[in-house]
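Next come two complexes, and both contain subunit A; in the first it sits with subunit B, in the second with subunit C.
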Partner chain A sequence: MKRFRHHGPVSAAGSVAASVTLATAMTLIAILLVQARGVLDFGFLLGTPSRFAAQAGIGPALAGTLWLTLLTAAIACPVGVGAAVYFEEYAPRTRTMLAIESAVANLAGVPPLVFGVAGLALFVRGLGLGSTVLAGGLTLAMLALPTVLVTSQEAIRQVPTGVRAAAYALGATRWEVIRRQVLPAAAPGIVTGLTLALARTAGAAAPLLVIGAASFITYAPGTPGDPLTALPTRVFAWSARSQPGFTALAAGAGVVLLALLLVLHLAGMALRRRLAGAAR
Partner chain B sequence: MSAPVTPPPPAAPPATPPRDGPHPRAPLLSLGDLSVRFGDRPALSGVSLDIPRGRVVAVIGPSGCGKTTLLRALNRMNELIPGARTSGSLLFDGQELYRRETDPAEVRRRIGMVFQEAALFPGSVFDNVAFGPRASGFGGDLHALAEEVLTAVGLWAELGEDLDVPAVSLAAGQRQQLCIARALAVRPQVLLLDEPTTALDPTATARIESLMHAQLPHLTIVIATNDLRLAARASSLTAYLDRGELVEYGPTETLFTNPAHPRTESYLTGRIP
Partner chain C sequence: MPANPAAPGRPLEVWPPVVALDVAPRANSALICQSSRLASPGPRRHRSNVRVVHGLLAVVAACTVATQAGCGAPGRAGGIVSVGGSSSLYTLSEAVAESFTGVRPDSRVTVSFSGTAGGFRQLCDGEIDIAGASRRISAAEAARCSALDFPFLEIPVARDGIVIIANPANTLVECLTLDELTRLWGSAGEVRTWRDLRPSYPAETIRLFGPGPDSGTFRLFTSVVVGRPGASRSDHYQSEDDDLIARGVAGGRWGLGYLGSAAYTRNREDLRAVPVDTGFGCVEPTPDAVADGRYSPLARDLFIHVGVASLAREEVYALVDYYLSAAATLAVETGYVALPAAEYARGRVMLESGREAS
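Presenting the complex of A and B:
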């Protein structure tokens, strides 16, 4: 009998591929950390942008990104999961419906920049929101929506048909089957999709630049109606400057963004584990 | 008239007459020319039969003959399958169940169903039992109800009187017992058992059989099975289905010992044409 850990050529190639992936990520983080040395302190985290590199901070951008992530989650989660429930449980399996469904799913491949253009027309000008945090949140929610939808649909499809049949056979209505069996069982998968989508939107600079993120704001946004600013656009603004010191600032903001994504993933994992535990 | 049975006999003269309905002797379920199609494929063709109250009716026949479709037609489960169409009539206590205004969820509360695969809900034994009553807005003591139905299926003592046991930790036979318990928790008048013992060993099968009899005569049971000996032991009436048609229906003893139709006989003797 073969040993469980068999070291064949496939396994060797696999471990080389894994090492390369890991090394790339580690190098990236190492470069950022080296460049950002001496920058990361409380003054940097809480401070405001400045013409003088030594005094500059990311306070408003950090607050903006937290706001944006919160808004994106609050909009994309109910809409995306709701649409997934509709497509999987209610929508008739007609050709039109399947076409709509695949069109929405294909939005996941549309470049974020294009969502920025749409957001500019729809929210900034159409709804007259201006270049605010709310307009940014709505734009990023559009960007997150296809991912949330597709992963939620997949998670809903994974719920065994036997469980649904059993629930119906006990006299449950469709909504009760969805609410009490399908959604709880699909919840861990939905959280995975939401985490992925939020990671994508939290790091997106392009759509925010298109809808007019301010590059110089000296106060942190306190409400969704305040002017839009975010970490990725902050990184972009600093990396475009040639004076010494600003490269380090851009790297520092990049490190903070990475740390934020790490926190997001850890929170997602913890939530998923809790939900999976509740559904077992 | 009823088949000889090993576990508790099916209380031949019911001690208490069934409470529901003004005519205790009238059939509880009456199928009139009931047909089901899935798209272009007919699955059940013009089945007419009466199911009396408080009895066990067995449905036998080769795989794919329509046993499951017949059972699912009785509580409108087929309409969950896209493309399924049902025609004919199904009277339950004299009321037509296939009417637009009839709520299928209400039908399924009266006519419960247990499947071959014991598809348990995630969570504890209690979560499984409580789902049905909660869905139908049960306002009473769920723990007392759970204890009652788990006792009825013989699981209560076995689980150490603990409702918080994770459902996934149960053995195959216990899972099917739990499925029956959770169906009973909705207090149906009819229980449809779709090959409930196929995945079980003889000991577990015997338990399911005896718990079925313990529910009589308050419950009417329709069981689809490939286990001919189980059908012969447990039922008082048997229907033989072949290719979606009802070939023969009558008292189990007569059907098994002296079948009226040659097709029934060749199936029972294992000579399927």
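Presenting the complex of A and C:
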């Protein structure tokens, strides 16, 4: 750090940039908290939506988002990490393979809305799942996959060749090298990617609106076969209403969503630390 | 002993029969990435955690099978009743669904909106149980449903008017004639500024907002005002979400749009209803004017459509039955006009005959 102290202008510009970023985030959170004051209580967390702002709650939406995140992780993680292992460790380095790989990686930049359109055709109509939590989870898993894949590939690439060579030298099979050396060493990086991907999907409203999230629902989804509802779509529905009570509700739901993402990041950090400790 | 490359200082363990570098017994859990791992204190637990995840995946697989078989998707079974269709009727359906849970706390109802035309498509495809509509079903739509062998009931539940909305800050526009509305919405080139509409108005651009083409409100408005259903200038903001239309007009002084009366009532603090001169002087879209016909031709009946077959399901029948008994009160409360009691009685007769047929 000391070395950089002499680079006055660069360092100053950097700290200004950092402060602006921090200030933006803090302002956003402050505005949400101010707008949501008086809203956040247990009745709000557990209650069902209502046309009376004073009685409205986010219970179903909260349950929906927890379900969706769980399903997305359960689907995107094994598929994404599996694909990364295949591309890095098994796939021949042919031109076709590289084309497929970069095509999949480019999906990370496709707008979430487009995944909604695909999800509607594939899962809601194609598989006949209807507008269910499961269809939502599958759609969000598609959205998460490219991110999980790319970060997992990167993490696997970071594992030193020496580790693989040493394991092979001791007579390990390819799968044993992957399972006992490569994946444990890459695990912290993989968890980082998964956390980022889940944070992206947990906040996505557009794809869920496209596949038909319910605007009003009288109960919390208890199984993946129940109708789709989620926090971001609830924020959207409430923020479109102009009465003052509903603006506060939208802000309150936004605060809960932010808190969820914070928990997700903390969990990711703790898991990463444990995995890094284990691999050392 | 060789140095362990992944963990310097720790000797390599030997795992017979093949030599492997077993420095991290958590490889499995890392592969499967479950977060319940956080709660477990030591490596010995990782097998059970793996089992949890396997169980979860099995649940996902089972659900896929179950919903494909049609026992989990909304609109088909599982005690869930899904209501969709017209956004003009959304407010009433939402209120009915909410009150219904007061009567039957175990009821499972979802309400969404996709426009009247979208609702008919979804209803006859079996995606929703009840479709709200701000007009009667058209011959083409009815033909599509009967081609799918899908008999249904069309039950009127309330009445409302299409309200012309302006920004509250725009106090100049006291009343618009039907002729002016025709010129305004008829073709894109003719009226661009308020002065084009009436020479005494300022030369400010009119920012137009209105329902999208799937909306029954759009079809009625265009057929009454422009003369042909669906014929409207398209160079303006269109949405099936009424609240977004309200937001748009509320957002600028020179905005103008139209909405169903419940959506107007819901957003009335931010909007001003413009009276319409239909030849009998300027009429405000009040419930009285809608009820006694002075606001016609911009007033209409609102309907719910329900498949005859789904009336065999107790929860669907119960909700429609409750809809008919609660509609009169809730309609007034949420900004609609109630139908005469005889209309609801007729609706109930239809419902009973529908149930017998199912």
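Definition applied: the second predicted complex is superposed on the first by the 273 of 280 C-alpha atoms of A that agree within 3 Å, B and C clash if a C-alpha of one lies under 4 Å from a C-alpha of the other, contacts with A are read in each partner's own complex, and residues count from 1 in each chain.
What we mean here is this: a contact is a pair of C-beta atoms (placed from the backbone, for glycine too) under 8 Å apart; a residue touches a chain by one contact, two chains touch by 3 or more.
Everything numeric here is computed off the predicted structure, so don't read it as measured data.
Novice: So, does A:V210 touch the first partner subunit B, the second partner subunit C, both, or neither?
Specialist: neither
Novice: Tell me which partner A:A73 touches in the superposition: subunit B (first), subunit C (second), both or neither.
Specialist: Touch partner of A:A73: subunit C, not subunit B.
Novice: Quick one: classify A:R93 as touching subunit B (first), subunit C (second), both or neither.
Specialist: Touch status of A:R93: first partner only.
Novice: In the overlaid three-chain picture, which partner chain does A:A167 touch, first (subunit B) or second (subunit C), both, or neither?
Specialist: both
Novice: Could you figure out whether subunit B or subunit C reaches more residues of subunit A?
Specialist: Tallying touched residues of subunit A, the top partner is C.
Novice: Of the two partner chains, subunit B (first) and subunit C (second), which one does A:L183 touch, if any: first, second, both, or neither?
Specialist: In the superposition, A:L183 touches subunit C alone.
Novice: Could you say whether A:A36 touches subunit B, subunit C, both of them, or neither, answering first, second, both or neither?
Specialist: neither
Novice: Please identify the positions on subunit A that touch both subunit B and subunit C, taking each partner from its own complex.
Specialist: Comparing the two interfaces on subunit A, one with subunit B and one with subunit C, the shared residues are 160, 162-163, 166-167, 170-173, 176, 180-181, 184-185, 278-280.
Novice: In their complex, what parts of subunit B are in touch with subunit A?
Specialist: Touching subunit A from subunit B are residues 75, 77, 80, 82, 105-106, 108-109, 112-115, 117, 119-123, 131-132, 134-136, 166, 168, 179, 182-183, 186.
Novice: Touching residues of subunit A toward subunit B in the complex: what are they?
Specialist: For subunit A paired with subunit B, touching residues are 93, 160, 162-173, 176, 180-181, 184-185, 278-280.
Novice: Of all residues in subunit C, which touch subunit A in the complex?
Specialist: 2, 5-7, 18-28, 30-35, 37-38, 43, 53, 56-57, 59-60, 63-64, 66-68, 70-76, 78, 80, 82, 90-91, 94-95, 97-98, 100-101, 107-114, 127, 241, 243-244, 246-247, 250, 266-267, 269-270, 334
Novice: In the complex, go through subunit A and note every residue touching subunit C.
Specialist: Its residues touching subunit C are 48, 50-51, 70-71, 73-75, 77-78, 81, 127-132, 134, 137, 160, 162-163, 166-167, 170-173, 176, 179-181, 183-187, 190-191, 194, 212-219, 223-227, 229, 240-243, 267, 270-271, 274-275, 278-280.
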